[in-house]
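There are two complexes below, and they share chain A, which is joined by chain B in the first and by chain C in the second.
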Partner chain A sequence: MRLKNLSKKAGTLCPVFDVNLEVADKEFVTLLAPSGSGKTTTLRMIAGLEVPDEGEIYIGDELVNDLTPAERDTAMVFQTYALYPHLTVRGNLASPLRARKTPQNEMDSRIKDVADILGIAHLLEKYPTQLSGGEMQRVAIGRAIIRRPRVYLLDEPLTNLDAKLRVHMRAELKRLQKELGQTMIYATHDELEALSMSDRIAVMRNGRIVQYGTSEEIFEHPKNLSVATFVGTPTMNLFECILSEKAGQAYLESEVFKLNITELAELIRDKAAGSEFILGIRPSDLTIHTEKAGEDLIQGEIYVLEPMGAALVVDVKVGQELVKVKVPGSLSLEPGRKVWLAFDKGKMHVFSKKTKETIV
Partner chain B sequence: MVIHYMARVMVKNLTKRFGKVTAVNRLNLEVEDKKFVCFLGPSGCGKTTTLRMIAGLEVPDEGEIYIGDELVNDLTPAERDTAMVFQFYALYPTLSVYDNLAFPLRTQKIPKGDVDRRVREVADILGVTKMLNLKPEQLTPGESQMVALGRAIIRRPRVYLLDEPLTNLDAKLRARMRAELKRLQKELGQTAIYVTHDQLEAMTMADKIAVMNQGALQEYDTPDNIYNHPKNLFVAGFIGSPSMNFIEGTLKEMDNKLYLDSGEFQLDVTEFRELLEEAKGREVILGIRPEHISVGSKPSGAYAFQGEVYVVEPLGDQAILDFKIGSSIVRAMVPPHFKADVGDRLWLSFSKENFQMVDKKTEEVIL
Partner chain C sequence: MKYLLILVLTAAWLFPVYWLIVTSLKTRLDMFAIPPKWFNFQPILDNFIDVFYEHRYGLTPGPTDFPRFLLNSFFISLSSIALVILVGMLASYSFSRFNVKGKDTWLFFILSTRMLPPIAIIIPIYFMYQRLELLNNYFGLIALYVMFNMAFAVWMMKGFFDEIPRELDDAAMVDGYSRLGAFRKAVLPQALSGIAATAVFCLIMAWNEFLFAYILSGFDTRTVPVALSRIRGESGINWGTITATEVLYITPVIIFTFFLQKYLLRGITFGTVKGK
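Right, the complex of A and B next:
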């Protein structure tokens, strides 16, 4: 599937500008963005529910701009599971097949297959009102996959489920897509859903795709400040810095620390627009020390401890800023205690303050 | 001047029924002075009803409520001297932030100079000083919630009661506000009771967590004990994300040894024979947290079983491997670049300190 210079400006609350996206056959691609960034508009244009102002949509090698939604052969699943309340689960699953005049025996076998895959075989004779949220969403997904369309389009299908069920359905959907072996485009604002399920993620902001890559690329090599801070919980720590040089050594200097980055200086100078930078480091890439051991440490004071069970987030007050550090397990430190933070220099990110683009 | 009251909160046999439904059933609980306690549970567990009874907004059918040493059942909400913060920040839209903050003091006829000083103090603590002249509509949701909190704390009541105050904020802001609220409560040094359905909020903020389900208190303890030594199946499953793995099996004696037989694998649990003596022959549930499982091509702990990788879920700074064991999924946390593919058969190992055993019938933790 391919989108070429796709734009939709008029007649929508969430416009889309010049979107280019290539999705390989059988690939699971996620559009990740906060609400209002144009991901639903994009999905709806692919489905044929919205008409683009400009650009082309290809499914397979076929230009589908002028095809009706039915002719495009996509299936869409929405955030709110739209089931027929007066039909049983079986009736709901059968309806897309009936609409296509599928023979009864084929219909029965397809319903059985889909119900088995989704673990809803025991619910076939129930009505939607008798189902839990997770069960309803599975039936809604079942209705989409029963037809074997060319592309599945899913618009925040897990958003209305509770946290535990979402974690469970994430894995199930990912597995399902691989078993079906069919292309899936999935829209969400939840970074964990995107990271965990996708072959590739297209991060959108204000109607544009800002980065398209694998989970690893997006998390470890964000292209700019907005991707860096949107993906990752707790959010990446940021420090405003300037580049200074002294006796052949280069430093990133903030109000509260001075970091020797001589080995990166050339790279930074080459790509930088201006001398002001933002240094970013993820909470999991910082370590806490109770003594000043070594160079390039940031001094701070424990502000709050946030135990999370499997991990501990330590909020450290550095100057006026709060820096979050994520450590595995637990640590016995008291609020008020003086500590030093060490950077994993291989994992730090440097952004231009002016352009907000990644430099290192 | 900070006036400090002894403000422990105690409820005895507290019960509330709505028609045939018992919303809160014989609840006994003591919140110590200056502590931050979270009432945690799914919707309908009775946590909000309990909070509202403490505030005086609901009348209990049975039981007693004490604030300090005083029985407050017959006091009006105002006389109880608590301050409540709701999920929806209730600000006066026509008043500035300054006037919203000043409002609770003005109704108490506090001198103007004192009002001004307190408003500025609270604004400073909450970081809203720059916004004092703005109207609520000019604030972000996070700022609005800060002002709502400010209105609650400006009065210095004996107890703060917070009803899911962060629920309507986005995930990033929630994470930031958690730390701020926890710190704020410690700085104010006043008792706070916080209702939430979000186990992460409870874990990160509370001194003690009261886990509730279906109107009944399940466990009341520190986050550390609740997480590491849950008392029953409900608490074990409710706390932690991804959830604790549960694998059903039977305790069987063979060749003078005691085994947990899951159908898919057997674990030799003879070393716990004394503790498990009573449960012999019974159906049990083995509980292991995802981060306590180490995954490899060979067994690496005292206990191990094999599984096939079902899904790989990268999460940035870590990853989850989902294994299919019989008909259930077992999740293990691994480092971000762990090499594993769907279909790989690997060993899941864990140590004897890091699992729970639950009696399937009583749902109590027995090991």
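Right, the complex of A and C next:
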């Protein structure tokens, strides 16, 4: 499946600009973006529910721009599920088959298969209003997978579920996609969903695709500041700093620390526009020391502890800023204590302050 | 207190109906008795027989034309609401779902057809109909009632369609239905109560319309309200036949409304009770 220079500006709340996306057969691709960034608009254009202003949509090798939604042979799961309230679960599942005039006996056997896969066989005669959120969501997925369309489009299908069910359905969906061996495009604003499920992730911002790559690429090598801060919980720590050189050594200097980065200096100098930078480091790439044990440590004071079960997020006050550090939950620390933070220099991200693009 | 108020209001509204019904069952003597006879009279069916059978002095005895007028009423009302609902339904669905160019202007234009009091246009309509040879013509009256009801029907049904999530249409189209198929399979079943409510209101209007029917119909197309106004008696107004005719005439609408009551209430309060 391929989108080429797809744009939709007029008549939508969330415009899309010049989207290019190539999705391999049987791939699970996530559109990751905050709400209002054009994920839904993109999916709706693929499904044929919205007409793009410009650009081409290919499914397989076929240009589908002029095809009706029915002819495009996609299936879509809507954020609100959009189950037909006047039909039972069975009727809802049967709808795509009825629309394509499937014989009754084949319809029955397919409904049975899908109901078994999703564990909703006991709900078949109920109406949507009698179902819980999780059950409705499964029916909505069932209505999509009852056919074998060329592409599955899922628009935030897990957003309306409670946290526990969401994690469960995440795994279920991923397993389902592998079992069905079908191309799936999944829109979400939840980076955990994106990172855990996708083969590739397209990060969108303001209607454009900012970065397209595997989970590792997105997480380890964000293309710019907005991707870096959008992906990862807690958010990446950022420090404004400048590059300074002294006696053949290069330093990144901020108000509160001075970091020797001689080995990266050349790289930074090559790509930099200006001498102001933003240094980013993920909370999990920092370590806490209770004693000053070496060079390049930042001194701070523990401000507050946020236990998260297996992990502990420590807010350390460095100068006027709070730095979040994620450590294993077993450390014994208390607020007010003086600590030193060490950077994992290999996991550091340096962004140009001017362009917000990644330098290292 | 609440019930007392309901009782007073109901009584005020139902008393004329009650009086109509008892009058239709009374002899002429009982009708005018003072003090009025509320219950203590011998009910008779003579008035109802008079509606169907002519036996007054000086006139040829035989069946009256009432059944014909009643059929006219049925035919004109039902055809006009069928048309209004069919056309109005598609129009309001389109207004609800599509970016029709100049949508607000069109909707206002449709509404504006209701802004003139009907009586203000009756003379031009009469001359138009005369030229078009639509006087004393079923189609003429049906077209007129369609026009009267269309604005109301479009606005009311658009409200109902607006309440139905668009994603249902979308889901149905992705399922493989055409736009019209999606409308039929996914939207229409949701909108039935609203459409039924609209139909009842339109029916009541068309069924009771007097002025245009009076001016534009002739004997062949005469509806019951017009026929009613022409009933004369041998000595004074023949209240017995009039009330009996009225009782017969309001019965179908009452039955119709009664059966649609469930939908009506749901339709009228749609959106207010449905929540989200």
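FYI, the second predicted complex is superposed on the first by the 360 of 360 C-alpha atoms of A that agree within 3 Å, B and C clash if a C-alpha of one lies under 4 Å from a C-alpha of the other, contacts with A are read in each partner's own complex, and residues count from 1 in each chain.
Keep this in mind: a contact is a pair of C-beta atoms (placed from the backbone, for glycine too) under 8 Å apart; a residue touches a chain by one contact, two chains touch by 3 or more.
Not measured: the values here are computed from a predicted model.
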item: Superposition on chain A - do chain B and chain C clash or fit; value: fit
item: Partner chain in contact with A:Arg269 - chain B first, chain C second, else both or neither; value: neither
item: Which of chain B and chain C A:Val313 touches, first, second, both or neither; value: first
item: Touching partner for A:His86 - first (chain B), second (chain C), both, neither; value: second
item: Which superposed partner A:Lys292 touches (first chain B, second chain C, both, neither); value: neither
item: Which superposed partner A:Arg143 touches (first chain B, second chain C, both, neither); value: second
item: Partner chain(s) touched by A:Met76 [first = chain B, second = chain C, both, neither]; value: second
item: First, second, both or neither for A:Leu192, with chain B first and chain C second; value: first
item: Partner chain in contact with A:Arg100 - chain B first, chain C second, else both or neither; value: second
item: Residues of chain A touched, compared between chain B and chain C (which is higher); value: B
item: Lowest inter-chain C-alpha distance for chain C and chain B in the superposed arrangement, angstrom; value: 18
item: Set of chain A residues, in rising order, touched by both chain B and chain C; value: none
item: Contact set on chain C toward chain A in their complex; value: 99, 165, 167-168, 170-178, 181, 185-186, 189-190
item: Residues of chain A that touch chain B when the two form their complex; value: 34, 162-164, 167-168, 170-171, 174-175, 178, 191-192, 195-197, 215-216, 219, 231-235, 282-284, 303-304, 306-311, 313, 315, 322, 324, 326, 328, 330, 335
item: Contact set on chain A toward chain C in their complex; value: 11, 44, 47-49, 68-70, 74-76, 78, 80, 82-86, 95-96, 99-100, 143
item: Sites on chain B touched by chain A in the complex; value: 42, 170-172, 175-176, 178-179, 182-183, 186, 198, 200, 203-205, 223-224, 227, 239-243, 289-291, 310-311, 313-318, 320, 322, 329, 331, 333, 336-337, 342
